[in-house]
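One structure is given below, represented as structure tokens, and several questions about it will come after.
The letters A, B and C name the chains in turn, as written, and every chain counts its residues from 1.
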Amino acid sequence: MTDKLILNEDRFFDPDPKIRKVARELYEGVKDLPIISPHGHIDPRWFAENKPFPDPAELIVTPDHYVFRMLHSQGIRLESLGIPTVDGSPVEQDRREIWQLFADNFYLFLGTPTGIWLNHEFSQVFGVKEKLNGKSAQRIYEQIQEKLQSPDFLPRALFDRFNIEAISTTDGAADSLEHHETIRKSGWNAKIVPSFRPDGVVNHLHTDIWRQNIKDLGRASGMDIGSYAAYIRALEKRREFFKSRGATSTDHAVLVPYTHELTSGEVNGIFQRALKGRATGDDDAPRFTAHMLMELARMSIEDGLVMQIHPGSYRGHNEMVMKKFGPDKGGDIPIQTEYTFNLHELLNRYGNDPRLTLVIFNLDESTNSRELAPLAGHYPAVKLGPPWWFFDSVEGMTRFRQSVIETAGFYNTVGFNDDTRAFASIPARHDLSRRVDSNFLAGLVTRHVIDLDEAQSLSRALAYDLAKETYRL
Amino acid sequence: MTDKLILNEDRFFDPDPKIRKVARELYEGVKDLPIISPHGHIDPRWFAENKPFPDPAELIVTPDHYVFRMLHSQGIRLESLGIPTVDGSPVEQDRREIWQLFADNFYLFLGTPTGIWLNHEFSQVFGVKEKLNGKSAQRIYEQIQEKLQSPDFLPRALFDRFNIEAISTTDGAADSLEHHETIRKSGWNAKIVPSFRPDGVVNHLHTDIWRQNIKDLGRASGMDIGSYAAYIRALEKRREFFKSRGATSTDHAVLVPYTHELTSGEVNGIFQRALKGRATGDDDAPRFTAHMLMELARMSIEDGLVMQIHPGSYRGHNEMVMKKFGPDKGGDIPIQTEYTFNLHELLNRYGNDPRLTLVIFNLDESTNSRELAPLAGHYPAVKLGPPWWFFDSVEGMTRFRQSVIETAGFYNTVGFNDDTRAFASIPARHDLSRRVDSNFLAGLVTRHVIDLDEAQSLSRALAYDLAKETYRL
Amino acid sequence: MTDKLILNEDRFFDPDPKIRKVARELYEGVKDLPIISPHGHIDPRWFAENKPFPDPAELIVTPDHYVFRMLHSQGIRLESLGIPTVDGSPVEQDRREIWQLFADNFYLFLGTPTGIWLNHEFSQVFGVKEKLNGKSAQRIYEQIQEKLQSPDFLPRALFDRFNIEAISTTDGAADSLEHHETIRKSGWNAKIVPSFRPDGVVNHLHTDIWRQNIKDLGRASGMDIGSYAAYIRALEKRREFFKSRGATSTDHAVLVPYTHELTSGEVNGIFQRALKGRATGDDDAPRFTAHMLMELARMSIEDGLVMQIHPGSYRGHNEMVMKKFGPDKGGDIPIQTEYTFNLHELLNRYGNDPRLTLVIFNLDESTNSRELAPLAGHYPAVKLGPPWWFFDSVEGMTRFRQSVIETAGFYNTVGFNDDTRAFASIPARHDLSRRVDSNFLAGLVTRHVIDLDEAQSLSRALAYDLAKETYRL
């Protein structure tokens, strides 16, 4: 029983000596490339304020639903992990207790990407030299805690050390982007740009939350949104504002990627009903979202923002968790997704237009070879986003490449996104991706599908060029 | 052309020397562990009576739909294989003829798990030393036949020799469990427990068969089932009886895993219509089943029986076979299955309750990474059953691990089930599973995803601990 | 950076030395077997006329939608590739320009089967010794162009050199088969047979095109098709004619493989409405197709033609491409497909009949292990076609074997189809298939699932015997 935490230099490479040799060589060529992170969820405030992260539990456990959903699945209560409640009812406050509980159950992450990322983070970011478990828990807590108080572990210092060339946050339509502005004016030379994610004013227009969001959008855009036309103008203004702050992309989470343009009468009618709180959730709301995907594609063609779609997640599937702890708490479950029919109208209207870049993310692997690769391998606008969420893993990324490259080629994919709220895991995620891609390419080289020099060129494209070029960063 | 039947010691392990070395080491650690068999279909009567199995054809060919469906698919008539007809019309009776036909076509099983299990069974259980084919057929028949007459091959002797620590049969709601009782009283120290499978009184309540089953349930529970409330009480009484006979689990086959609680008025209405033979098959029956899954989960929370669901098989797809030869004759075909929406109501009501263990089996692999692993990786109640039926194979088990572990972890799975009617194949099935899991873990070790000592602990969990603990055996 | 085009002798084999050794040995045993090509789209006119292929661009780029869909996906306009327009509006005519554009972008095919086939074709058919790229483009153009003018590269000479034992074209119900007849009478001893594909008179009966097709069918069969009964008789006559010209199979492309026999009144009503141009596209047309699949199965039982179904492609998804350039231009996208329910009626009526051979092709991989392998592993009539279209690739063919063989066995599959319009790619496609199958079998041998002699027998079956026997060629 070894208790040392050692990251093997050949980790995630096939043990076959020929594949491993080529994988190493490819990996050597990309491991030190700067990080391009065109889609993620870090909080720009951290970098605007540049205050120390408070403690290991708050840095690593409580903000990361990848971590606590697994603990929850084994019957560990979210309260005991210190996850804050919506109504402020009390939860565990003792950070060392939370950390101990996490450490006691860290074996649950064996074989998971979360386990891989955390071990990388412990070892490479914090210099931890022993495995996390119940016995080592408090020693490791202290070691990380000590580091977090030093200047080298302030957010900006870590950002620089992580070699991040450009990163995009995800921001609501009414966001002031004040933190981005603070960063820009601070003289610190880091590229942290926003992306425009108007879900709150596009989806669920039958809810009170939507109406509140419309008010916020009106305020942010300096307009009175009393009509659909005003709403569209407000969105366009906000997109311009985001662009002026460096944004190069938008993002849209939808349950179903259905696209359909309504008539002017239909959409005005729905919008007016919604403003009065009379829109329906099972008819008006999905039709409006379908229509807005058409409008948002049109806007992207006009203003050049790359359009991203993240469909297929049933958000808040666990209503108890949603109600008690809020959104993004691990209770989102994928659903079967259909693209060929749903995207038909959008692609027929805009899919041949070279000005549109539509990056599709996916949680339903059965569509990869059946629908997405053929769509990306034909329509000029369509590009495939990297393996998302449950698929950002050794096996998941490998399956993605195996199922899409033969039909879509490499150049209709867009490199890697880390898509994370866990800032300190960013290097781990990019490293894992670079290793898995190196290994995948090494498999092609050793089976003589491509040559080594071709693999080297592709390796760099996957690790750096494609993300930078696609997202215009 | 070699005709010798030799089981290679490294079978099913990757040929890469590093992987193979680790796989061997892991397999060595688990190969002799006792067998826990928490879900299967052996007949308890065999062990109550302990009479010799009649002959090779009746032991191996005629009861095993894995065997004769393949022969049927190549145009071999079920009559010529001696499969008994429902109406008693004549079928082949000459056991040697049946065996010869089976042997002549044994090459059809090349590359299939059935082929693997049978060769293991021939070699390890019966000491056969040559491959089965048309030429060797009668020699092997005689060899097995001779063994079957000896005391060492009586059902109980084989059970002991197979090193089975605990096995669960599958029994209807009205079953007397007399054979279990006979076994228990016999002084033979073997753990053969029933499990409660009330499909006959839960599904298809629009049929005459259901009404007959309700009468049987009434008789078995000593109640007059004239109302839904009486029906529920009868089920609860039967569950108590099953528990008193050692049962630790229930099992439910449903076409679609839709869950929905009806109002008291609705369910009473449906039940009364059904008693009168006026319930509908396309509306009442599926709604009643959906409601009953809710009720059965509630009962499991109350009485502690582990709840299993086996959804997604279109039973009796081949109506000719169903009508002529009865159910479970190889004509059951899987359908596309949906879990995220269908289980929503059950999981929101009971899924966070630590008292519920819900083991889900699956025939639609596309749901493994998309729905099942995320559900198991979040809800405390949900555990994933092992690869079922068409997936209980080298590639099937490997794909299962590759598609679920990264999201659900190892500890939201439940080890292995042999799920078989073919008693003599039980050691072969567990051995195959242990080999495939050893190989899978060896792949993780050699790619440095986990360490060897972690793999050893997981290996034991998959081969023994998880099944024993989950099923409370 | 190597610019030499070299096909490694071990290409597509696993680098593991044990697997590679066995794969080589298996491949050696099948690589020189004659080609059986029971389903494809070459033009019989080429062989009837035996004129030189005009130039490299017209041979390789403009007829092959695998090639130009990928170029289109990267924003290269089809006009600039010389793809002819429906209305005759001008497109690029300079063959060297087209070739240059293709060569400049040949890197897009890295890792794709199209890239593999083209390199094989360049190297083995045309003796090209350098890689195709922008610099080598014109040299290679000239080299191929020169070859095409020589007698050794006439269609019949290539056919003989490719060692094609039998090939089936795909022909409409009203086709005169004159080119097949010309070939037959020419004294050239090559087996080029038609197959009967009546899609134009079976699908979309609500369109003017269908009505035109019915007139053509009437003319071809010498009948006046004024009734459904006449239509059926006409089809039967045409099938007899096709058989007399050597046909052994039929083929049916359907969006959804729904099968359902209509009553005589229903089908007559639909047919009469259709003749008058009053049938509906969303109701009459799919019901008629479902009914016709039943009728066509009946005809196959009666006349012995092997029945093929190619379901699940949304043809003409990109309407701009469809309208401007016509069908089969890369804008066909697969859809989710369902077989268990859809084929239920057909299989219950005819699936146990040993006279029917129903070969199913598939574009939805999720159905392979879930529905198709179980259906093929049970019903005598059902056989699984080889990986089609987007799956005719290293990974695609490997996944197909991994997902179906364990349930369906090898003998419910039908060997390989090249399914191509690109004549010069035929040897490449069969060679790739033989290599991938050799490698797959070598994996089974080295993991001791099957023995080497069993693998050799299977290898030959997959490369030659199964196609020849199933299609009765």
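To be clear about the criterion, a contact is a pair of C-beta atoms (placed from the backbone, for glycine too) under 8 Å apart; a residue touches a chain by one contact, two chains touch by 3 or more.
Given the structure is predicted, the values throughout are model-derived calculations rather than measurements.
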item: Neighbouring chains shared between subunit A and subunit B, ordered by label; value: C
item: For subunit B placed onto subunit C, the superposition rotation in degrees, Cα atoms, nearest 5; value: 120
item: Homomeric contact subunit A-subunit C: same or different residue positions, threshold half; value: different
item: Centroid spacing, where centroids are CA-atom means, of subunit A and subunit C in whole angstrom; value: 40
item: Junction residues of subunit C, two or more chains touched; value: 16, 366
item: Residues of subunit C touching subunit B in the complex; value: 16, 18-19, 338, 340-341, 344, 347-348, 351-352, 354, 366, 369-371, 373-380, 382, 402-403, 405-412, 444, 446-451, 453-454, 458
item: Sites on subunit B touched by subunit C in the complex; value: 1-2, 7-8, 10-16, 69-70, 72-75, 107-113, 116, 314, 317-321, 330-336, 363-366, 390-391, 393-396, 399
